[in-house]
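Listed after this line are the structures, all set down as structure tokens.
Look at the two complexes coming up: subunit A is in both, with subunit B in one and subunit C in the other.
Let's look at the complex of A and B:
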């Protein structure tokens, strides 16, 4: 059982403190700072400063034009969000997108990875084909799916004329829920290859001998999966779920290209609504408040998820 | 080998069947796009759909490349992508060298601060970044794209490279130091040459991310001639929503470099994903 005692793939490597200490007993002086300076200055100016400014802006009715003064509102922008039906609709839409795409991407990605996790001649080819959508630009794939789901498009033709499942054309992008379905299908199609790739890498760390001895003991495929494979890939599973949930909050380009939040704001998601508020309506402060809420939500959810997964991992090992 | 590896013949067939169906679903939208890009306008949305263009025409490509200005957008994308990627790689590897090979006060804290960049999604910063770019006079310029693309990629690239640099044996650097080589020479002549695989991985990921980037370019570029490919394609579609043949001809042009790079450097993808994600 020594193999099981070994911790699974490590989720994070610590800073190689000891190695560096051994290498550089003396203080390094100015040198490291000179190497750090260009990157750190740019990073602080273009990432950290805007982060703080987003919070500051969210407390104001922020005016961009010179001469107009920004009025301090306190938390009014946040209060406004809670009374804004479009904000709630966008939140629900983002949630629906996540609820559909995350579990399906995890399950399909894991399934494909398991199917591919054996030596086979066409393995590399399959891997490339599944990963192709991941590297393709969101704009291009969104246009592809807009075309597939068009009123006279292939999907409607397949449903009506080939299989007879529907009587007439469905106006996929003309209705809130069918549009969210189409957008979710795109999200799954584009994302499966990514989770597959992470799972494939994690599966390399599954102890083969243990799996084989379980098979000799007569454990079925499902039992083997639960007892051997799942504990070994658990950190990867946690990572994939967290990243996909964050990705779900981040859905933007596909919605913008396929529906632009329409018809009549029905398919707004959080980021498209934030974008519209800032860059179409000039509501920079309110948009920033939404960005801050979103950032906080992403942080809380990823911490909760990591904790939940860590708890389960503790009991599994 | 064992029963586990051989499996039953039916099991193998089922496995292959599933994989084949799955990969067909992955590829069909691409093939259908390719097919439509060769169709005449009258045939792009017919019932039943045309899967093989009849008659096939190159007109969409001629139009995209000739009259619609796509060579310009292609060049813009290429210039922005190459400059951002090169700049990010240089700056990130310098930071990674400092973090991996030197001990100094505040190292851990600074590294943590840098990692915040991995957690905050770029879209969350787009409003204040827009105002910052406006203040700095970077709106509607390629420089505005390059500067913010580099800034956005620093966390991930530094993180990836630092891990790799830390693995290089200290003896090599000490030997060079003994011969009187300063840190700059050691960085350029020892660390960078030994880190080619990691640099390749970071280059590919940055290149693709910059090539495909949409939201920031959409936000700051207002002059059509300065558009990058994704924005140009989206804009073109917005103005001519029914010209699918032309839209897809432009899209095919835009994704060819991506597919070429992806196929040529697949190995680095797997390495990058695993070192960046699972192992840490």
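Let's look at the complex of A and C:
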């Protein structure tokens, strides 16, 4: 009634509507920023700023001390990396570690998740046990595996005295590929629980009715898994693969503790080599250049993966 | 998607954080230039005395020496911070970049030229009026490690060297009743011991600290005396022969692959008392290591086996340095003087730290007979090249020698290549 009483006012100037419109954007303009600010400031200060500084560092023969002049080298540090055989070996080692650990972690993680998704006695206990390595310190488990794979360690003892497969004198950590194998075993053992957890969560979301109707239609367990379960958990699968690939390229602590890149740089991975360059040799600029290269490589691989998965997800739904 | 992408960026960026060490922080230091003798001063002193959880040295320092210094210097207190050896260099680097270095550092010999070259250290020969008086009393080999270009940046704090330590029972298996006196005797025992699964010698790397005693005693060398070139020295026939001797033993399985970097190998500190290894080269601290774990083990200490070049071992130890950014230089210099005195040197000697002051070294060897073989060896021991890139030289040498030991390159080729890579690291930046 009151509105109808004031038609002339509305006709001349639609005050309430414009006022409402003008107020909303102003309020909306500030509020989201306030919500964004804490995370954004942290992100800019802790991630973007160091990233930019690392890039800057990579263009110099960087001296850590304040007041010392750092020589500008342009892209010389990057050129140097391409001619550095240890860089390429480290890249191959990181790639091999990724290629071995990611598929096995995905398959084992999914398998364990499916098993632990069923009703079974002590299900919670097993979930905890599989997840335990994930929450254990990298340094602790790396030391543990170093002793397991030592010349007089449990692995050699088991191979000789229990199974009789070898004469038990393999120097696991004394050769490039056996050492990479030991490091990969640790990576898988420590990582399975994490992918299991993601898959378990995803499996809860698989539509029951679809599974039941597939069963009614006579689909076997394998067919049900392929046609119902897999498409339903595909986003989780994509997430796990992308994160594991990134994690694989960033393998560090286990290598540092178990072999320290040795013997003679044979098991160097990108991060341990970077660490050695920066903190043992004082080559901060060169180390930073390598960090930038690694970031670009991981970024490109991740985007390619997301593209590929998005294609699959589109066709699956 | 964009949410996930941003998470992706965040995760990958973590790799970069590692390399980003430059920070703009200024040290929260007390008032600059507080040379006012009445104002209380706290000196910070970083070191590695407690490495390996061994409390004997930190106890002497913190319960006896520092209180004695503080009593003699009212108004000055010393805050000693123990840092594990393995992370010390990294801590120093990051602290230097942030302007957070302590006043005083007990630095590994090899680090002095590096930090001096970076400008992080105060030249003691100009800052300390009576520097020469103290310098003249120290072992020349130890003092030399404090020099970079035209200045001395520190004073020796303690010294040590490696001698041959043997397991008499293991040696007996080769019919030896005494440790080998010459390199030839040691080589001859190699195959006999290998037959009984005992390694005649073991070591855990092929860096300068590890191989220089063999090279020097064999008559070879790493560089010329003025540290300008490795070519012509590291690849000389004498050096090649000395290394070839070790390679031959390795290939006869008389030296275990611990030396080529097998991190799963039995450590020398376990292998010797257990009798898997007959001899090792190591320092005066080993007695302390074994007293806890292998109390019944009675090793024999003898000089580095002699070769064409004599019996020459390598000088180790630590120097004390003053940082350029220290706001308490006067008080810090007083503490440096204190470390050169009889009380400091002899109380530390009781814990296995050899005195770096010549007169006190002899006194300590008399008082603690277990130090005598080391004091004797020190008379001929030489120091590793004191250059800022010492750690790179170690990496190059270690990698080249590993190639030679594992048969991937001849000794001559490996050393020639290593010398070529080491040359540019030697000639001082002029």
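We adopt the following convention: the second predicted complex is superposed on the first by the 268 of 317 C-alpha atoms of A that agree within 3 Å, B and C clash if a C-alpha of one lies under 4 Å from a C-alpha of the other, contacts with A are read in each partner's own complex, and residues count from 1 in each chain.
The rule is short, and it goes like this: a residue touches a chain if its C-beta (ideal position, glycine included) is under 8 Å from a C-beta of that chain, and two chains touch if they have at least 3 such contacts.
Quick caveat, the model's predicted, so the values are computed rather than measured.
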- Superposed model, subunit A: greater residue contact from subunit B or subunit C: B
- Message: Touch test for A:31: subunit B only (first), subunit C only (second), both, or neither?
- Response: first
- Query: Looking at the overlay, does A:284 come into contact with subunit B only (first), subunit C only (second), both, or neither?
  - Reply: both
- Now for A:126: first (subunit B), second (subunit C), both, or neither, which partner does it touch? first
- Message: Quick check on the superposed pair: does A:117 touch subunit B, subunit C, both, or neither? Answer first, second, both or neither.
- Response: neither
- Message: Touch test for A:171: subunit B only (first), subunit C only (second), both, or neither?
- Response: second
- Task: Once the structures are superposed on A, label A:65 by its partner contacts, choosing first (subunit B), second (subunit C), both or neither.
- Result: second
- Identify the partner contact of A:161: answer first if only subunit B is touched, second if only subunit C is, both if each is, neither if none is. first
- Note on the structure: On subunit A, the footprints of subunit B and subunit C overlap at residues 43, 46-48, 50-51, 53-54, 57, 64, 150, 152-153, 239, 243, 246, 250, 271, 274-275, 278-279, 284, 287-288, 291-292, 294-295, 298-299, 302
- Of all residues in subunit C, those that touch subunit A in their complex: 1, 4-5, 8-22, 89-90, 93-94, 96-97, 99, 114, 118-120, 257, 260-266, 388-389, 391-392, 395, 398-399, 402-403, 406
- Task: Over in the complex, which subunit A residues touch subunit B? Could you list them?
- Result: 9-13, 15-16, 19-24, 27-28, 31-33, 35-36, 38-40, 42-43, 45-51, 53-54, 57, 64, 108, 111-112, 115-116, 118, 124-133, 135-141, 143-145, 147-148, 150, 152-154, 157, 161, 189, 192-193, 197-198, 200-202, 211-212, 215-216, 224, 235-236, 239, 243, 246, 249-250, 252-253, 257, 271, 274-275, 278-279, 284, 287-288, 291-292, 294-295, 298-299, 302
- Parts of subunit A lying in touch with subunit C, wherever the complex brings them together: 43, 46-48, 50-51, 53-54, 57-58, 62-68, 146, 149-153, 171-174, 239, 242-243, 246, 250, 258-260, 262-265, 271, 274-276, 278-282, 284, 287-288, 291-292, 294-295, 298-299, 302, 306, 310
- Please name which positions on subunit B make contact with subunit A in the complex. 2-5, 15, 18-19, 22-23, 25-27, 29-30, 32-33, 36, 45-49, 91-92, 94-95, 97-104, 107-108, 110-111, 113-114, 116-117, 119-121, 123-132, 134, 147-148, 150-152, 154-155, 158, 163, 166, 170, 173-174, 183, 187, 208, 211-212, 214-215, 219, 229-231, 233-234, 237, 244, 247-248, 251, 254-255, 258-259, 262-263, 266, 269-270, 273-274, 277-280
